[in-house]
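Working notes, beginning with the structure itself.
Letters are used for the chains, namely A, B, C, D, E and F, taken in the order the chains are written, and counting of residues starts over at 1 for each.
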Amino acid sequence: MGEFTHFNNRGEAVMVDVSEKKQTVREAIAAGTITMSRACFLKLAEGGMGKGDVLGVARIAGIMGAKKTSELIPLCHVLNLSKVELEFFLLEQECAVKAVCTVRTVGKTGVEMEALTGVSTALLTIYDMCKAVDKSMEIGNICLEKKTGGKSGIYQRQMESGEQ
Amino acid sequence: MGEFTHFNNRGEAVMVDVSEKKQTVREAIAAGTITMSRACFLKLAEGGMGKGDVLGVARIAGIMGAKKTSELIPLCHVLNLSKVELEFFLLEQECAVKAVCTVRTVGKTGVEMEALTGVSTALLTIYDMCKAVDKSMEIGNICLEKKTGGKSGIYQRQMESGEQ
Amino acid sequence: MGEFTHFNNRGEAVMVDVSEKKQTVREAIAAGTITMSRACFLKLAEGGMGKGDVLGVARIAGIMGAKKTSELIPLCHVLNLSKVELEFFLLEQECAVKAVCTVRTVGKTGVEMEALTGVSTALLTIYDMCKAVDKSMEIGNICLEKKTGGKSGIYQRQMESGEQ
Amino acid sequence: MGEFTHFNNRGEAVMVDVSEKKQTVREAIAAGTITMSRACFLKLAEGGMGKGDVLGVARIAGIMGAKKTSELIPLCHVLNLSKVELEFFLLEQECAVKAVCTVRTVGKTGVEMEALTGVSTALLTIYDMCKAVDKSMEIGNICLEKKTGGKSGIYQRQMESGEQ
Amino acid sequence: MGEFTHFNNRGEAVMVDVSEKKQTVREAIAAGTITMSRACFLKLAEGGMGKGDVLGVARIAGIMGAKKTSELIPLCHVLNLSKVELEFFLLEQECAVKAVCTVRTVGKTGVEMEALTGVSTALLTIYDMCKAVDKSMEIGNICLEKKTGGKSGIYQRQMESGEQ
Amino acid sequence: MGEFTHFNNRGEAVMVDVSEKKQTVREAIAAGTITMSRACFLKLAEGGMGKGDVLGVARIAGIMGAKKTSELIPLCHVLNLSKVELEFFLLEQECAVKAVCTVRTVGKTGVEMEALTGVSTALLTIYDMCKAVDKSMEIGNICLEKKTGGKSGIYQRQMESGEQ
């Protein structure tokens, strides 16, 4: 098992040295959901029909949020992202929106945090735009789905039984 | 039931006019959790004992994140927060950390988004600092616990049965 | 005629003291246009029909840009904007998009720069999203249309003959 | 004729993938003007003589603005600019200031937006510093003058007859 | 003697609650110096004569830096500064530049940190612009000179004997 | 002796062209101190024992500050830092804390300003957290200790006699 890498041997936080690491293509895919009341979900789903495009705004927020990752997460390296994409899926049965964020870079560190930050910012923006209708919404299931590139190689999240 | 308030009557996104709203004391409390493997949880719990204070870093990130809310959430008003506090609870049985963020302001709009952004940023920072040990961590249960002040008055989240 | 107010009597730039000014409701409306080839204009106009909503993205960029004014314009005071709205008008004959930004605050200084920055950011975003089709687009006619509130009172731009 | 490149095939905004593009030297030159009353223009022109250096402040704002492009324009990639220069020309007959911004990078995407944002920020700053004297100033003629590097090669703006 | 106010009774960092504090006019004056070689000092002093205005650039950087204080200092409250002024004094004998930053606000907390951040940013900018000539420059004597307003009242730094 | 490099031959500020410079590993180490009353120093020193970790917060602030250098210093290039580390030394006799910041990158320009900004931000944060106990603290001795990489080669600060 690995060790926490963001501390030096005195237990002090440090932005670790990646000078010697290779520049490779790295990709990460993260996902998460926001669950809401049926009434709120139906209103949001209508948005695509010209009544107010919640997901269009959340998509822009998520992309811009991914670019801000190194300002938000103290020990993250600054990375020049070469791609950010956000997809949304309406989960009708659960009255939920699933956000999936794909980030790519050519760099020395992975982009897991950028994909996770993109997802989180998009879901928070949905919350903001829907909160006048439903304050009890819940954001959850935020996790790394997949990661490629870099020394640690491929990571693929195990699907839980019954998971979508 | 309310309507989405972030769109005008043409369905276009707008930062709504709050000029005429009263300045009152407003508070919001949001919470969320990050669940991890037992091995990772034990390492994190040790941190308080001088081996690398993950939660200390996450607390600062969460406070600074709450102050950045209006930069992240497109239609949020800029607010001068008068208090931000982040508490962490180690949930040993679930191998999870619960983050609770309390935000207060004297202003014209509520601080729900600031509390939720504080929680999210703190949890993402924990993910970042622990991901060398466990990449399968999951962030969830992010929700508004309570809100006071403003015209819409008090909101208190219903405790689900079995919830902590 | 007035004097430049952003310099002290030694000719040095200064963020002027507004401590003693009154908090009043202030509003500013600014406008500007981007002119493009007919082919580009038609593509953009189609966007509303689901093929890529250029103006939806530009609206969000303009609102967020207005909130960033004091970071961009060195001697601008930080203001908590209470409203930002961006409207777009398709000028078919000129193959142009007109952007109009309305900003309101309750504060000690006017919001002219915020409205102008909102317009500029929105138009730059349109340029960015259309530049693969037409690089010869031109941004122009950026000006203050109207301003109310504050000691200097109402300003209303004189309509030029033949102006829309 | 090209297509809008900032949307995927579902018409959703995306920060497009440039992972596979080559790093080459890229340069862009953008220009724009601000036109003002004669009285205001004369005051500004005097500034160089120690009475308040409007253009010195605008130059710094423009350079810093160019560096902020990817924060302002939602789908712009983050680029490490290797050069930013801002020149101003006093157009006495028109009572206008022309700003020209040259940006260079070694990267995977062009720097048109950075040059245009540098020009816009500089002109907005001039507006801010002169608005106590003249509120009817107009910003215009913002366009890309030239661009080199990258797959699409050289772009050179056609001089209109009678244009400076 | 007081206690550290940025920790709660569990020793955790917190942005302290100022909701109940009164809005009063608050001012702070901070100062600091940068000392350099005589050759470098003479070059810098010439700058006012059109050869490159180091202090003009540093003044803008200091003003903008003061506005960014709450982004840099984790537990600082966001404040809408109502005045920022930076003065420079050439100390010929010491081959030093003294920077003095005056900040004012009408708010619930003092502006000591804003004045100190303005001074620091201005001095760092001088370092940046002169470092090709002298890398051994030293920044020092950064301290709070005076503070008025707020419950703790007036603070005036004791002049040390022999101090300027 | 060198010349100021941040001005063109008209004496205008410019972000200089580094397109043709080589990417090499570059490192810079900067240091500085904050001196305080004995009472304040003792309280701060206790912090490590669970009563409020001033240095832990200052470390995070310094690391994040170093990443923000190009936003604060007008003519600094944006650099993707590959390492940032902050160490603190308690100087008991002087009642001072010495901060040392080490920054590394693989890039076209040096990281002196990043190391100096990291030190300054850390020391300002210590001031902020201790100012309720002692307002007369002084920040000083901020200088570049060492720099390697790049065309200008190694710089090593001369130790003054009696210096630590």
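By our rule, a contact is a pair of C-beta atoms (placed from the backbone, for glycine too) under 8 Å apart; a residue touches a chain by one contact, two chains touch by 3 or more.
Chains and their UniProt names: A, B, C, D, E, F = Cyclic pyranopterin monophosphate synthase.
Computed from a predicted model, the values in this text were never measured in an experiment.
Among all the other chains, which ones are in touch with both subunit B and subunit E?
Where subunit B and subunit E share a partner, that partner set is C, F.
Find the pair in B-C, B-F or D-E that has over half of its contact pairs, by residue number, in common with B-E.
Looking at which residue pairs coincide with B-E, the repeat is B-C.
Give me the superposition rotation angle from subunit D to subunit E, based on Cα atoms, as a multiple of 5 degrees.
Subunit D sits rotated relative to subunit E by 180 degrees.
Tell me whether subunit C and subunit E, two copies of the same sequence, contact each other through the same residue numbers or different ones, using over half shared as the line for same.
Different: fewer than half of the residue numbers at the subunit C-subunit E interface appear in both copies.
Any idea how many Å lie between the Cα centroids of subunit A and subunit D?
32
Could you grab the centroid distance between subunit B and subunit D? Build each centroid from C-alpha atoms only and quote it in angstrom.
Their C-alpha centroids are separated by 38 Å.
CA centre of subunit A versus CA centre of subunit B: separation in Å?
Roughly 16 Å, centre to centre.
Would you please write down the residue numbers of subunit B that are in contact with two or more other chains?
12-13, 53, 56-57, 60-61, 64, 68, 71, 74-75, 79-80 - these are the residues of subunit B that touch more than one other chain.
By the document's touch rule, what are all the touching chain pairs in this structure?
Pairs satisfying the touch definition: A-B, A-C, A-D, A-F, B-C, B-E, B-F, C-D, C-E, D-E, D-F, E-F.
Quick one: which bits of subunit B touch subunit E in the complex? Just the residue numbers, please.
The contact residues of subunit B facing subunit E are 25, 56, 59-60, 63-64, 67-68, 79-87, 104-106.
For subunit A, which residues count as touching subunit B in their complex?
It is residues 1-7, 11-13, 32, 39, 43, 47, 50-54, 57, 60-61, 64-65, 68, 71-76, 112-113, 116-117, 120-121, 124-125, 127-133, 135-144, 147, 155, 157-158 of subunit A that touch subunit B.
Using the touch definition from the top, list the residues of subunit D that touch subunit A in their complex.
By the definition above, subunit D touches subunit A via 8, 12-19, 70-71, 74-75, 77-80, 107-108.
Considering only the defined contacts, which subunit D positions touch subunit E in the complex?
Per the stated touch rule, the residues are 53, 56-57, 60-61, 64.
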